[in-house]
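Presented below are the structures under discussion, each in the form of structure tokens.
After this come two complexes, each holding chain A, first together with chain B and then together with chain C.
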Partner chain A sequence: MADFEWPWQYKFPPFFTIQPNLETRKKQMEAWCSLVLTYQRHTKKYSLDVTEAQSSPLFHNKAISRKLSLDGIYTILDELKKRGHIEWQDKVRKQCLVMWRTPEEWGKVIYSWVSANGMNNTVCTFYELTEGDSTTNQEFHGMEKWLLLRALKTLEAQHKAAVMDEGVKFF
Partner chain B sequence: MDRFEWCDGNLYTGEQLVEQQTGVALYDGNEKTAFEFGTLILTTHRLMWRDQRNRTCVICLPLSLVIYLEEQPSGFAKSAKIVVHLNSAGANKGSGPFNQSSNSFIRLSFREAGEKGFLRRLQETLQQKKWATSVPGPSGTNPQLPRHRPGIVGIERSLDQRNKETDKNITAAFADLRQLMEKAKDMVNLTRTIATKIKDKQGDITEDETVKFKSYLLSMGIPNPVTRETHGTGDKYYTELARQLASMLTKPVEESGGMMTLTDVYCRVNRARGMELLSPEDLLHACELMEILGLPIRLRTFDSGVMVVQSQSQNEEEIVNTTTVLVSERNSLTAEELSQLLGVSVLLARERLLMTEKHGGVCRDEHIEGLRFYLNLFLHPPS
Partner chain C sequence: MRRGTGVGAIKNKNLAQARYKDKGSVIAEDQFSQMTKQMDVFKKNLEEFAAKHKEDIRKDPQFRLQFQEMCASIGVDPLASSKGFWAEMLGVGDFYYELGVQIVEVCLATSHRNGGLISLEELRDRVVASRGRTSQDISYDDLLRAIKKLRILGNGFTVLTVGILQLVQSVPGELTMDHTNILQCAQKSGHVSKSQLHKELKWEAERAHRALDFLVKESMAWVDDQAGGERLYWFPSLFPAAAAS
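What follows is the complex of A and B.
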């Protein structure tokens, strides 16, 4: 994690206390949301376990010995949920799926790659898209299948693709 | 079972707790009774049984009635029991749950075990016969008063007695105070004459003497406090009181950083008034009027409910600005540190920080070491 560039707020102790002042809290929330998403993106993680997250460096800055409380974590996750970046996987809210890009955005990214490589009207397998050699330098390389499917569904809704069993056809 | 009497569960003087066991049922002879689930308490004088579901239900049995004990070991679906053979009760027995019983023994059923230890202690206690050496009397009450005086007359009489006693105590306590008050009246009169003399002989005595006299008066407090007797009871009393408070408090409030908690004000005012003490309510009413009267100080209630008297020159914006500057100079501050910096109470320092937080000047860091406030970098990010 040495190469992850933490934002300045991460070294600011009040960042780890949910601020009561509404205006201040709004700014704090923005900072937290973007930190969570960039961190997840950096570590290429598509899900988050709340129990695990409590001890992860994301919410615990050992250098200044500050830790975000469980309530605080939920406050931030609620905010992310409101913004459509996470989805709870269970009713007790222990596991969630994190999408640092929304499925629509992913759809666009994939489609622009497809167009750039002239692959319109061809069929790709899911494996090709996420694990194939041609996509290693793409952001969606290594993407989990559930998210890929969702992204492709949005393209399908726009009549830009047709999803099949294990593959997809782009138009 | 008819040997038991009701009791309040308290120990007599000289009586000591020896052993207790929960989950004990009482049997009248071989028959079950309603006393099924309770704590059996052995003292040096008595055997007590307290219901575990209804703890006000307590019955007791003097140990002097016990003739001998017998052990019945537990069997299939049967708990261990101790059989207690009893003498017939004495004539002065109090009322109990059973008026008469054909059995001259009771059985103690130990449903939660513990009968071995209890039996041993019971036997030891019976051998020691402590009840014979010290006669139990109910603790706390006056021995002259018979414990049970029946009927309303008895209750009335005991109430009367208690009232008389209180009355006597109060009179004794205040006898000293009355003398003190008479002396104090003289003192107040003295200050009054000095005050008028200063007024009359303004030119005759030197400046030095005037200052001296005035300092005497100050140490004695307010020469002629506004009281209900001198200023009536209505609004006039409060307005006059407010004016007087303002004139005496303006300087100390300024000195203590423009703010003083209402409790401090209360102490100071009553210290200055000496004998004519103010009630907290009167003080509050008077302080509430200060703003309407346009006096240099006024009452202010913080969001947390803390009330302070604040000098008019002190406005919110200024407090927010100075606090923000103080915090930014030192990177972070706790209420304690700020109170030391400003020389105000911790409570007020905290209020200042909370107010500044409300205005977005600072933000908080809640940590095990306490609540710290930092410059609000969220709203004013570092460049």
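What follows is the complex of A and C.
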């Protein structure tokens, strides 16, 4: 994690106390949401376990001995849910899927890569897209299948792709 | 009996008045033309001086300060007359207006984290950065002058002196002595607590509570409940890492 660039707020002790003032809390939420998403993106993680997250550096800055409370973590996850960036996987809210880009945005990213490589009207397997050698430098390389499928579905809705069993045809 | 109310008398009176008026305007015209002449000489000298030192005035903040002081001592405000020859000769008017706009931009861009309170030092760093490396040097005096000009737009911009620190406040809320005293206490560490205010300022709990509440309400202070004891109040405007971001 040496190369992850923490925002200044991460070193600001009150950042780890949910602010009572609404105006300030709005700014705090904004900063937390963006930190969670950039952190997940940096670590290439597509899910988050609340119990694990409590001790992860994301919510616990040991250097200044401040950590976000469980309530605080839920406050932020609720906000991310509202914005369409996470989805709970269970009723007790212990596990969630994290999308640092929404499926629509992912669809766009994939489609622009397809167009740039002249792969319209060809068929790609899911494996080729997320694990193939030609996509190693792409952000969607290593993407989990559930998210890939969602992204492709948004393209399908726009008649830019047809999703098949283990692959997809782009138009 | 002559009462002086006949037609002839009225005519005489009118005639006399008209003569006085004529004479009066001749004198006034004289004075005016003399003053115009003096003004012309004065203006010419100033223009010569300004033209001669144009580059220095623009480039050197120290020289600019001295020039401003010289102008002030003879009752001329080069900033007040942006359309006059000052602006044309030097672009000084433009210089300060431009600076004013940049100050407003920086204050707006940073207010989301500092609640509209920024140290003059940070303001200067950010303004200089936004102007690019090639442009002229900006001194604190330049900033203070430009901020003064911004007051025309209302009382949104004020400079607070807190100990040795100068802070620029870009939100309308009125800060009292109590608030600036708190900022002064927080200057070194970036935070204060109620007991610190009690110890250093001899404040009763109620007074500290009210003043701190206000600063929290105005988004200038953030609360921190994990200091292992009482609540700490932090000020992003006094937090170095925030300034560097």
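One rule holds in what follows: the second predicted complex is superposed on the first by the 171 of 171 C-alpha atoms of A that agree within 3 Å, B and C clash if a C-alpha of one lies under 4 Å from a C-alpha of the other, contacts with A are read in each partner's own complex, and residues count from 1 in each chain.
Operating definition for what follows: contacts are C-beta pairs under 8 Å (C-beta built on N, C-alpha and C of every residue); 3 or more make two chains touch, one makes a residue touch a chain.
Everything numeric here is computed off the predicted structure, so don't read it as measured data.
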item: Clash or fit (per the criteria above) of chain B with chain C on chain A; value: clash
item: Most chain A residues touched (candidates chain B, chain C); value: C
item: Partner chain(s) touched by A:66 [first = chain B, second = chain C, both, neither]; value: both
item: Touched partner set for A:44, first chain B, second chain C, both or neither; value: neither
item: Which superposed partner A:19 touches (first chain B, second chain C, both, neither); value: both
item: Touched partner set for A:94, first chain B, second chain C, both or neither; value: neither
item: Chain B versus chain C as contact partner of A:27, first or second or both or neither; value: both
item: Partner chain(s) touched by A:83 [first = chain B, second = chain C, both, neither]; value: neither
item: First (chain B), second (chain C), both or neither touched by A:11; value: second
item: Footprint overlap on chain A, where chain B in one structure and chain C in the other make contact; value: 8-9, 12-14, 16-17, 19-21, 23-24, 27-28, 66
item: Interfacial residue positions of chain B with respect to chain A in the complex; value: 332, 357-358, 360, 363-367, 372, 374, 376-379, 381-382
item: Residue numbers on chain A that touch chain C, as the complex places them; value: 7-9, 11-17, 19-21, 23-24, 27-28, 65-67
item: Residue ranges of chain A in contact with chain B within the complex; value: 8-9, 12-14, 16-17, 19-21, 23-24, 27-28, 31, 66
item: In the complex with chain A, residue positions of chain C that touch it; value: 112-113, 115, 191, 216-217, 219, 222-227, 232, 234, 236, 239, 241-242, 244-245
